[in-house]
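Supplied in structure tokens, the structure appears directly below.
For clarity, chains are labelled A, B, C and D in written order, and residue numbers in each chain start from 1.
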Amino acid sequence: MSVPILNASGCLDALVAPDVARTLDAFVTKTVTLLPREGNPPPRIAEVEHGMLNSIGLQNPGIDAFVSEALPALAELGVPLWVSVGGFSAREYAHVCERLDECEDVTTIELNLSCPNVEEAAETAAEITRAARAATSKPLYAKLSPATWDLAALARAVAEAGADGLSLVNTIRGLALDPATGRPVLARGAGGYSGPALLPIAAACIHACAHAVDLPIVGMGGVASGADAAMLVAAGASAIAIGTALFADPLAAERIRAELASAVGTPPAADRDSRSLSQASSA
Amino acid sequence: MSVPILNASGCLDALVAPDVARTLDAFVTKTVTLLPREGNPPPRIAEVEHGMLNSIGLQNPGIDAFVSEALPALAELGVPLWVSVGGFSAREYAHVCERLDECEDVTTIELNLSCPNVEEAAETAAEITRAARAATSKPLYAKLSPATWDLAALARAVAEAGADGLSLVNTIRGLALDPATGRPVLARGAGGYSGPALLPIAAACIHACAHAVDLPIVGMGGVASGADAAMLVAAGASAIAIGTALFADPLAAERIRAELASAVGTPPAADRDSRSLSQASSA
Amino acid sequence: MEPVGPYTLLCLERGGLESGRPGQFFMLEAPGRLLPRPMSLCLAPPGELAFLVEPIGPGTRALCALTPGDAIHVLGPLGNGFDLDVERPLLVAGGIGIAPMPYLREALGGAPAILGFRSELHAEAACLLPDAEVVVEPELVTDLLGEDPGDVLACGPEPMLEAVRRAVPGAQLAWEAPMACGYGACFGCVVELEGRYARLCVEGPVLR
Amino acid sequence: MEPVGPYTLLCLERGGLESGRPGQFFMLEAPGRLLPRPMSLCLAPPGELAFLVEPIGPGTRALCALTPGDAIHVLGPLGNGFDLDVERPLLVAGGIGIAPMPYLREALGGAPAILGFRSELHAEAACLLPDAEVVVEPELVTDLLGEDPGDVLACGPEPMLEAVRRAVPGAQLAWEAPMACGYGACFGCVVELEGRYARLCVEGPVLR
């Protein structure tokens, strides 16, 4: 099975780890907003039993610095470039898309319509997609949240508004409390829940949308093995993005690609390329 | 810590397992609808890595048979009785609530506004709550879905419509595919995802609603230990319901009550009262 | 822990548990898995309960990987077993369907048996039921039933049970279904029975 | 695997890994946990990498429970270590902050050290740094710094590092923060640095 493998937005910095970025069929940037953002105060991450929580809060340099500083360096990687775009109003999304529309090196724009860690725009996902559509002729992927009662209807609405594809799914809101104090572990309170626990949720979302609209789908949420990736492909994804799994294994994309190619659905744990106590080596 | 412990709706049949029901501070029935329902075809359940999926589809005898046959038998258990009510329109909910309003043995009505396994009513949760409110003076708990973008707003709406409490959370839609065939394991396709993976999601929902409305909250979703229960209480729940954990351990309520009382947040695995290979015994 | 052909015989100390009626089952904790797994009682030596387990997935593999001294949760006996009030019992089993037969034969004070397996390796499990007639695919147990097989008590894969039912309409058949709880709590294990969905763990697993 | 007071010294075969500069860290897979855990290199004997681990939570407990022959993923060396170009080095460590010091002292060709611990049991770890001055709470490492402590290189709990910074403004300090990736991917490990949030794994862990 040959399926394009991307990183999930916010889960890789290609400029710090170019070798990792080169293992991907396309690199997706962390979400870029109109203005620079420092993001949320730490602690921003917490491991929970079956996944992790994050409340990064879209820390990014803003579209101006992104275009003038990051983009030229990213272009040199020789990896197709997707830019994730966020905002706090349809106008902001449109402004950022307009800027990116002029950038030759950007192959695709992913609209982050679903970050659980910031206040959201008042407009609907479809309205934002429509505004972005008017601002750029680049391929537009709408990234949606699993915390949506009728996701198929939302998928139809963003398709109607001009999306060329869907990215499914973003994190879902989760909370961890310190057992000793009863207070949230993350400074912001709740965060976005990602990792293994998300896989069946992602599969259901992809399945529902694949039946509702005729758009390509980048599937993500808890993918850590070829078997996981194959599951999302069977659910209807035509490409796979890897997020949380990259933290423990920067070479996850290559490993998962190999596992998919060998097409044997072995369970994740058995697939791990690991080092013995008597043989540590760098990943 | 002394917290009332209930079963989660659909996760215990008190007539088949009366001793288990007597371990609870209140017994919650499986959701009852106006007309009898056979439910969805099997397979209806599947274990996944961090939880399980079900697509029971509200199999129940309908309100008439429930009131004439099940209710008298349930009343004899001597356990406070909550009846979960479902429907396919606000009128149906109201009809069922009206019938239950006459039943002395029913202490509380829980409105299941969030079953992922059946087609839902066209009305909003608030409209259904309002119709139910008009039909009964019994305490009304609104059971909501975590697949809701702005759950705090929904909580305010059902509070406004007359709900006396909230039950948080129902399952979230999940899908498992057979790796060999790529086809859904459950006959209906997707199902409701419950169990450990749900805990941080439930905590976030409870936390958000506890800050939004001044209503008591029955917390549920992945609770399997005293530490899990304490987490949902810290998030804002005033009572706890146990679902999936009852399947592996029918005495989970007593165990969790004891763990809460000893107030030491030990991890679930260590808490299990288990039998050694050289000492099997009935739970 | 004893291999029996490709299966594993798992012996647990009985503690306070009853052994129940043949055909009843127990829910066994499968270490590392969320849900317990239903297993028919295979043998009930004094002070013990023994289960024959076929490792076909994560739960049964975890059970087969138990080592002496390990502790697991056990719940049971559950469900309705075989009706032992029969005149001319004939035990019929396919594959892992042999599991309840040793305990059943003991309770009946002996009975003839026909066993079917999909390979010679699987057929090694026939040692649990000495003197049984054994067939290996492509031969089928139903090929040996004959005209008047008597009171058939059967356990095995669905197609086998369907074939036995066609051949012997009154046979007692022990069915399987995925189960989450085993004690009527989840409504997950339903089978169609006279036009309605019945919980196999409550109304079965032995059905006529 | 060797206990050192309440800590465990974990020795891994080095394979193809570099040992890096003192103060750099490695991400170690913690068996059974989703995310790896950052650990400073403690010692680099030929062919090995040794880490000193304090079991304070699920990840560090899993690491301390490793047994010889177990295999774990290791990524590193990562981050920025200590600047070794100093004239009068003085090592200052509190608690598990002793971890990077043995390798640091070796790289410096020796240096005086002040170690603080919260109990006599913890202080047993001082054996990793012979000849160091050792204080146990309520006495604090800063009590021993004196007027002109030289070029301080420190590692320890946040309050200790803050106190050292106040006492010795130019000190090199090795900080900690929860890390998901350790290589700049997640933006989870930020600390406030000159009014902005900087990734500690990229710009640290050693900061001035």
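Heads up, the rule we're going with is that a residue touches a chain if its C-beta (ideal position, glycine included) is under 8 Å from a C-beta of that chain, and two chains touch if they have at least 3 such contacts.
Quick caveat, the model's predicted, so the values are computed rather than measured.
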Those chains that touch chain B and also touch chain A are none
Setting chain A aside and leaving every other chain in place, the chains that still touch fall into B, C | D
The chain whose C-alpha centroid lies farthest from that of chain B is chain D
Cα centroid separation, chain B vs chain D, in Å, comes to 47
CA centroids of chain C and chain D: separation to the nearest Å works out as 58
Between the Cα centroids of chain A and chain D the separation in whole angstrom comes to 33
Residues of chain D that touch two or more other chains sit at 58
Residue numbers in chain B touching two or more further chains are 50-51, 196
Among line, ring, star, complete and other, the chain contact graph is line
Inter-chain touches occur between A-B, A-D, B-C
The chain B residues in contact with chain A across the complex are 48-51, 53, 145-149, 172-177, 179-180, 182-184, 189-190, 193, 196-197, 199-201, 203-205, 207-208, 227, 230-231, 234-235, 265
Chain C contacts chain B in the complex at 11-18, 27, 29, 33-36, 49, 58-59, 66, 68-76, 177-181, 183-191, 196-197, 202
Seen from chain A, its contact residues with chain D in the complex are 10-13, 16-17, 20, 30, 38-39, 42-47, 50-52, 54, 56, 59, 195-196, 244, 246-250, 272-283
